[in-house]
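Same chain, two partners: subunit A is paired with subunit B first, then with subunit C.
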Partner chain A sequence: MSPIQTSEYIHELTLRECIQCGKCTGGCPVSLKTSLNIRRLIYESLISDTVSPESHEELWDCTTCKTCTLRCPKGVDPCGLIVTLRGALVESGRIPSTVRDALKSITVRGNPLNMPPQDRTLWTEGLDIKYILEEEAEVLFFPCCMGAYDPRVQKVARSLVKVFQEAGVDFGILGEDEICCAHEARRLGEKELFEGTVEQYQEIFSEVKAEKLVALSPHCFNAFKNEYGELPFQVLHYTQFLADLIKQGKLKPVREIPKKVTYHDPCYLGKQNKIFDEPRFVLQSIPGLELVEMERCREWSLCCEGGGGRMWAEGTNIEVRLSHERVREALETGAEILAVACPFCMAMLEDAVKTLGLEEKLKVLDIAELVAMSLG
Partner chain B sequence: MNIVVCVKQVPDTEIRIPVQNGRIVEEEIKQYVVNPYDEFAIEEALRIKERFGEGKVTLITVGPERAREALLTGLAMGADEAIHINDPALEGSDAFATARVLAAAIKKMPYDLILCGKQAVDQDNAQIGIALAELLDLPHVSVVTKLEIAEDKKSAKAEREVEGGKEVIETTLPAVITAQKGLNEPRYPSFKGIRMARQKPYTVWTLADLGLKPEEVAPQTEVVVINPPPERKAGRIIQGDPETAVKELVRLLREEAKVI
Partner chain C sequence: MPARIGVYICHCGINIAATVDVEEVVRFAQTLPNVVVARHYTYMCSDPGQALIKQDIEEYKLNRVVVASCSPRMHEPTFRSVVAEKGVNPYQFEMANIREQNSWVHSDVQAATQKAKELVAAAVAKVALLEPLEEREVEITPAALVIGGGIAGLTAALDIAEAGYKVYLVEKEPTVGGRMAQLSRTFPAMEDARHLLAERIKQASSHPNIEILTSSTLREIEGYIGNFKATILRRPRYVRADRCTTCGKCAEACVLAGQIPDEFNAGLSRRSAIYLPFAEAYPPVYTVDPQNCLYLKEGKCGEGDTPPCVAACPEGAIDFSQKEEELERKFGVIIVATGFDLFDARLKPELGYGRYPNVITALEFERLASPDGPTGGEIIVNGKKPQSVVFIHCVGSRDKTVGNPYCSRICCMFTAKQALLAKEKLPEAKVTVFYMDVRSFTKGGEEFYDRARGEGVLYRRGGVSEIYRKGDKLIVRADDTLLGRPVEVEADLVVLATGLVPRKETEDVALLLKLARSADGFLAEAHPKLRPVDTASDGIFLAGTCQGPKDIADSVAQARAAASSALMYLIQGKAKVEAVTSKVDPEICSGCGLCEAACAFGALKLDPKRKVMTVNAVLCKGCGACAVACPSKAIQLSHFTPAQTMVMVEALV
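And then the complex of A and B:
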């Protein structure tokens, strides 16, 4: 592929504001383990007329946790630079084969997991759930492709459904009309696929008369809340929704869970959307549960390395994994349960627990599962 | 260098093919993709063009209206133009008839190399490349995992997998080469690329345009019945402590499954 002109993006990303202070790279969790140096990438863009993204294999290391952008004192968006450069690679077609297959699967099958669209609702077997395009409901529940297909996350989606039913929530799903929200595709640089998906959803959502959309994944939540433009309903992450139900007295966790639990803030819920208190409030409403914090929590939460499309891009230096580090941090608190609120965090951290042989010591559970366990 | 790539649109490899009363229920198939082996062929054509810095890659397919999607995907990968042979008389066509149609079309255009997938994953006939070579009176190398075109573009060296080893074959060009997995890693056809592909040259031909009469390309085979594979039986868990369970497992593998 031919190199790309830096003039095409430096203004849009306001890179000229950069003072090269290095807070971006200093805060970057993957710079701890790979050659990804976002400050240097900005510098390269500023001093050269062209950049060759092909020579930067480490572009696929970024998890788009956005720490760099959030900490930049000059309001520059370094994370946006990564996505822009990935975009040039996507356009040239020269991308890792795993990324290619995930993107193609979203286009053909409406999910990045190579699963048949016809199987999208198998996770609902035995649960009585409304199909929202035929039967009106107050809440549109969005389980994410992970909740629909991934055997582990299916359990989370099913737990959440039980919690909704227990609290008397009037909810429904899009069933086989549901497709991937393309949040991760956008971060992999496939902007046009994302835009096409937004258009498809505008049509689908125009027929939905719900008051709220409740997303299982912080990634879908972020897409619908911040990137889909005006939607005809309020968009919530399920931890916000459960916190409301508990406050209104509609949901009462009663069964004791006398365990020490630590909570891992997902980047797209915590640092990017500032939802720190609701998940903790839900956990603390469970009788007997003792919440302990890791040293790096809330804004400082260490990324699990599953976001930004990293579920489909191995990245470089796979010997070192942030998820392993995170699991060790969780163990240091003395917790027996590591609570998560994101399907990608679930996949990464549970995998880390297994790889490190710590299954006897630490269990990874989603907040939805803990609430379901605590029902009467 | 003019490279022609034969492409087929096939049902998505991840879906279960709906079969009823011994027939495939086509209306129930919602997703189609480019035959994966044809993607290797397209990619190889593009790489050859890139290496020489000149040339033209032409895609050709025989298929109904929906096959346009497959051609657009190939154009998005970087092919220069597409030829779509779409004629109602070709519905239910077989491999040999399709090869005849393709041969008639390819004769109308300049070519130095013809690339095909080694087989299409829907019918698994693996006949098109071979039949095409015969009909065009060209040399042919099948199931190729490495292809080198000589500097003068007059010959090619191809590697193919054979039982327990590999075979290296040299051929003059033009020739027909069929692509096997491993030949290359196909590039991604971006969303933007597919949109832009609509502006590339796209020609639709009927049998009449090729000077063919329907009876000349009538199928010579008939699919009598299609049976889905038997449903997989549920797994069995052997109870008991490891020592007895392993003995039981070995007994079952030997006596019931007869695999050891």
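And then the complex of A and C:
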């Protein structure tokens, strides 16, 4: 492929504001283990007419946790540069085969997991859930492709449904009309696919009369809240929604869970959307549960490496995994349960627990599952 | 007398002449009504240019003049005095701006020449209708008000007092001294800050011309240059100044002794509810903190009827019957020296301030390094001497994420100083400074930076991204941009070079005195280059960090400049005031008061008898906001009447 002209993106990403302080790379969770150095990539863009993204294999290491952008004192969006350069690779087709398969699966089958679209609602078996395009409901529940297809995350989605029903929430789903929100595709550089999906959803959503969209995944939540433009309903992550239900007295966790629990902040919920307190509030409303914090919590939270399309891009230096480091940090707190609130964190951290052989010591559970366990 | 107008087109070198055909404009001007003579010249503002105008006024008996050149902000005063010298009223002069509003922004010669002609035609039309106006003078009350008793306020007060004028120095805190009192040493000479300040406090407090009012705030200011009147609120100390010997027995007896965070020590130590802020505090009188004192809050303290502090005082100095006082002072000029606040490091949560006790601010380090501080000048954190100290530049400065895009100017140097102090006090320790750039522009600054490196302070280039704890160490994460890779550095103590922000009361001060604020939130000077200590309000001057971050040397320099500027008025005893003012037609005015709300200078008041608005011509700045706000067109702005404006519009369109 021909190299990409830096003038095409320097202005849009305000790279000229960069003073090369390095707070971006200093905060980057993968910079210590791979050659990814976003400050240097910005510098290269600034001093060169063109850059060749294919010479930067480490572009696929980025988890788009966005710590770089959040720490930048000059308002530059280093994370946007990664996505832009990935975009050039997507256009030329020089992408890892796993990424290609995922993108193709989203385009053709409406999910990145290469699962049949008609199987999308199998997870609801035995649960009495409204189909929102036929029957109005106050809340549109969006389970994410992971909740719909991944056997482990299906349990989270089912737990959440149980909690909703217990709290008397009037909710429904899009059923087989549901497709992937394309949040991760966008981060993999597939801009067109994302924009097409937004258009498709705008049509679908115009038929939906709900007041709220409640997303299971912080990634879908971030897409709908911040990247889909104006939507006809309020967009919430389920932890916000559950916190509200508990505050209003509609949901009462009663059964004791006398365990030490630590909570891992998902990047797209915590750092990027500043939702730190609601998940903790929900956990602390469970009787008997003792919440202990890891040193790196909230703004310091360490990324699990599952975001930014990393579910489908292995990245370089796979010997060192942040999810392993994170699990060790969780163990140090003395917790028996590592609570998560994101399907990708669930996949990464549970995998880490298994690989490290710690299943006896540490259980990875979603907050939704803990709440469901605590119902009367 | 019919109008006889002279028109002068300036080349401004090639600034105008390269884009505007000045000869063509002259030929055009000669055809305009009432124009007797029209000329062009290289620099109208030069002496020969001015002579040209003066000569023509005599020769052609001109009674009005138009100069087409630069912005009136630049040279209107120049040309007004030129015409006045030859007996033409300076307000029957008009400027057409054919530089900033024409030649500098256009490149097409033909179009620019046409625009210049139209601007000249408009000015000629207006000047024919201009009325002569009189400039007036006001008397100056020979006294000054200085707001703020830090190093800037004290310095300005001393200069004015030394020149023989009365100064009222108002300080909100119970003592003068300000921030400088909290500092250990000064850069680059490493002098004892306390010593330098104590000297100045002594001079000011013993000066017969200075009245120091501590624990005092301004409630109201009215008047105008030369004739200000302030209502000052003085809070009670509950301790009699004539009896207190500062023996300290009251503080020992206080039931809250050792419980209240001591602001002087940046919260690193605890004081009583009755206290002396620091050893050299002035006035040397204990004061009761009403926020915390149990007797004041609950009406009872201790076992008996007598509070323990009162019982302990051998002089009978404590007096809980003291009341708040309202004082009135009159003065001719004001110097604002209200200082700064420190950036709240909690707004950068990733740096761990407030979470880790061994992450401290620069001010806290100053207190640790001060002999009169909580550790007697030893650097002790968590009961131990740190073996690795990391300083971090630009915390809350140059940072758009917290709304402070500006450089705080002093942090590079105070960090170098603190790093040197750390080296001196902890010879075994590794001392590292993480920086983005080192700005050492102060006199002796670069040499000082050399000294810090020479004595072993490690400078590593990279902004610190986050700090977290691992075991009993702090981990400082940064990208060492010179190594080109991210690093994790262990530290026992991290010092954040917290920047300077506008004081939280800045908005109140700005409203009270009708001052503007610049984009950074600090008080705005009248002109960044030429009027750096003036404000847009006549007779009010700025000194020190209320105008923007600066070090002690610059604060003192600005304070002395502000004092000189104020003294110009005090010494002359009178001041000129704006001749262009609003006038209310009492026949039309309904007294609705909309103009009063529109006036930023408080110049319009309702005459309660006649039920019409009146203009205080001394306060009026001639901005015209009232004339626009008036729904019944009862207000006219002299020099900008509807008739004068309409002829300009007609000439232009």
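One rule holds in what follows: the second predicted complex is superposed on the first by the 376 of 376 C-alpha atoms of A that agree within 3 Å, B and C clash if a C-alpha of one lies under 4 Å from a C-alpha of the other, contacts with A are read in each partner's own complex, and residues count from 1 in each chain.
Going forward, a residue touches a chain if its C-beta (ideal position, glycine included) is under 8 Å from a C-beta of that chain, and two chains touch if they have at least 3 such contacts.
Quantities reported herein were computed from a predicted structural model and do not represent experimental measurements.
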Next item on the list: Could you tell me if A:Q118 is touching subunit B, subunit C, both of them or neither one (first, second, both, neither)?
Entry: first
Margin query: Quick one: is A:T50 in contact with subunit B, with subunit C, with both, or with neither? Answer first, second, both or neither.
Written below: neither
Item checked: Partner chain(s) touched by A:K23 [first = subunit B, second = subunit C, both, neither] -> second
Notebook entry, point to check: After lining up the shared chain so the two structures overlap, which partner does A:V90 touch, if you call subunit B first and subunit C second: first, second, both or neither?
Noted result: first
Next item on the list: Look at A:K74 in the shared chain and tell me whether it touches subunit B only, subunit C only, both, or neither; answer first, second, both or neither.
Entry: second
Item checked: First, second, both or neither for A:S7, with subunit B first and subunit C second -> neither
Margin query: Residue numbers of subunit A touching subunit B in their complex, please.
Written below: 90-95, 97, 99-100, 103-105, 107-109, 114-118, 190, 192-193, 196
Next item on the list: Within their complex, state which residues of subunit B touch subunit A.
Entry: 12, 14-16, 30-31, 33, 77-78, 185-193, 195
Note to self: Going by the contact rule set out above, which residues of subunit C touch subunit A in the complex?
What the structure shows: 349-350, 394, 398-401, 436-437, 461-466, 468-470, 477-481, 484-486, 488
Next item on the list: Could you please specify the touching residues of subunit A with respect to subunit C in the complex?
Entry: 19-28, 31-32, 37, 39-40, 67, 70-75, 295-296, 298-300
